[in-house]
Amino acid sequence: MELFSIESPVFMTYAVAASLMVLKIMGQGWMTVYRMLRSDSGLVNPEDIQVGLINKSPRAEQLEVNDYVDRSRRMHRNDLENIPAFWVAGLLFVTTNPPLWAAQGLMYGFVLARLCHAAAYLTKQTHEVRATFYTIGSLIVMFMAVYVLVAFLT
Amino acid sequence: MELFSIESPVFMTYAVAASLMVLKIMGQGWMTVYRMLRSDSGLVNPEDIQVGLINKSPRAEQLEVNDYVDRSRRMHRNDLENIPAFWVAGLLFVTTNPPLWAAQGLMYGFVLARLCHAAAYLTKQTHEVRATFYTIGSLIVMFMAVYVLVAFLT
Amino acid sequence: MELFSIESPVFMTYAVAASLMVLKIMGQGWMTVYRMLRSDSGLVNPEDIQVGLINKSPRAEQLEVNDYVDRSRRMHRNDLENIPAFWVAGLLFVTTNPPLWAAQGLMYGFVLARLCHAAAYLTKQTHEVRATFYTIGSLIVMFMAVYVLVAFLT
């Protein structure tokens, strides 16, 4: 059976988890757009303060940092610091032909940890709560990378 | 025929689109370098304000945000929020064995949308123009991710 | 022999280099965590200034930018601007079936350049030193992308 085949359960696990994370990261961009529209603020470019279809009454304050919008940008940055590394570590992990239960536990575990992290960030939970979910996701990615190194180098 | 083979037209489409996006994202870094050199500003590290081969006359103002340089950094950030997700969604899309016309339309469409987004950002078009190209690129990536989920889960 | 097989020396080179870069990028997140804990500052969310297991004596100043912590964030951003592009350019480079010595030179060269860049950033070397290692890494990624384009389009 081919490694990256739709018939391989391990690859299917990766494809599902990676696609969900694609939707998460792109969705974060849309949350920023929604919050910019809803608060009519959070713009980042000088040229955005001019009358247009979206911006009916431009004001200089629209360029100031607005926590409501900026929170979504900070969530996005946190995603960028974690999810692309998952994509590549997960793909390489598939090539080591791991047991299905391990792939499912690690990959769906990562997805779950990142969704919980987002929920905690959004609802302004304490740093400790966010840090817990960040740590779970981060350890999973690092475990897969070390597993790949060991598999290929021994 | 192997999935990720140089003989597969769908994979070739992906390889070309993904490589162009690699050059776009790395080129954005070089645009920042060029703008830093040309404006002799836009530095971000305290240690950069010292005499050196590049910085002949260091001044504290060089650490202030300069829109000319910062615009390139904002473009870079927008790339980072969109292009890595395209890389993985596109690769997974290839594994679903889609029709060639769909792969070409979506992948070259994404490349085109991102190049237009960059041109609009660079020439300071209105928010609405930028938003249009951002939306096209984002929808393409999300469509591919949903397509992969459906293909693998049904 | 399959392209992405554990038996392919070129793919092994990629898997090792890419995994090392996964550990580098995730490790950068942990350096930020360490520096936040050690300096008891560098927080970015309003809700983080409340008494908790980690934050025993919350103060408004903890939200101010602290160069010690922010340096790690700037290193992280520089990684995000370079490493994901390496991951995809390297994977596509493998599919062109390049000579092993070329893959080893380019990929291990990239890893080395990025580690030197991190060391230079951390120890506050001059801009010129950082720029040199940045340039080496960037040229390697762009070379691989152009190589892929030429291989697929000719």
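To keep things simple, chains are lettered A, B and C as they appear, and every chain counts its residues starting from 1.
Throughout what follows, a contact is a pair of C-beta atoms (placed from the backbone, for glycine too) under 8 Å apart; a residue touches a chain by one contact, two chains touch by 3 or more.
Given the structure is predicted, the values throughout are model-derived calculations rather than measurements.
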Task: Chain-level touch network, classified as line, ring, star, complete or other - done: complete
- [ ] Would you kindly state whether over half or under half of the residue numbers at the subunit A/subunit B interface are used by both copies, giving same or different?
- [x] different
Task: Degree value of the rotation bringing subunit A onto subunit C, based on Cα positions, nearest 5 - done: 120
Task: subunit A-subunit B separation of Cα centroids, rounded to whole Å - done: 17
- [ ] Specify, in ascending order, the residues of subunit B that touch 2 or more different other chains.
- [x] 2, 4, 80, 84, 87
Task: In the complex with subunit C, residue positions of subunit B that touch it - done: 2, 4-6, 11-12, 15-16, 18-20, 22-23, 25-26, 28-30, 33, 43-48, 50, 52-55, 76, 80, 84, 87, 91
Task: In the complex, subunit A residues that touch subunit C - done: 2-4, 67, 71, 74, 80-82, 84-85, 87-89, 92, 95-97, 121, 124-128, 131, 134, 138, 141-142, 144-146, 148-149, 151-153
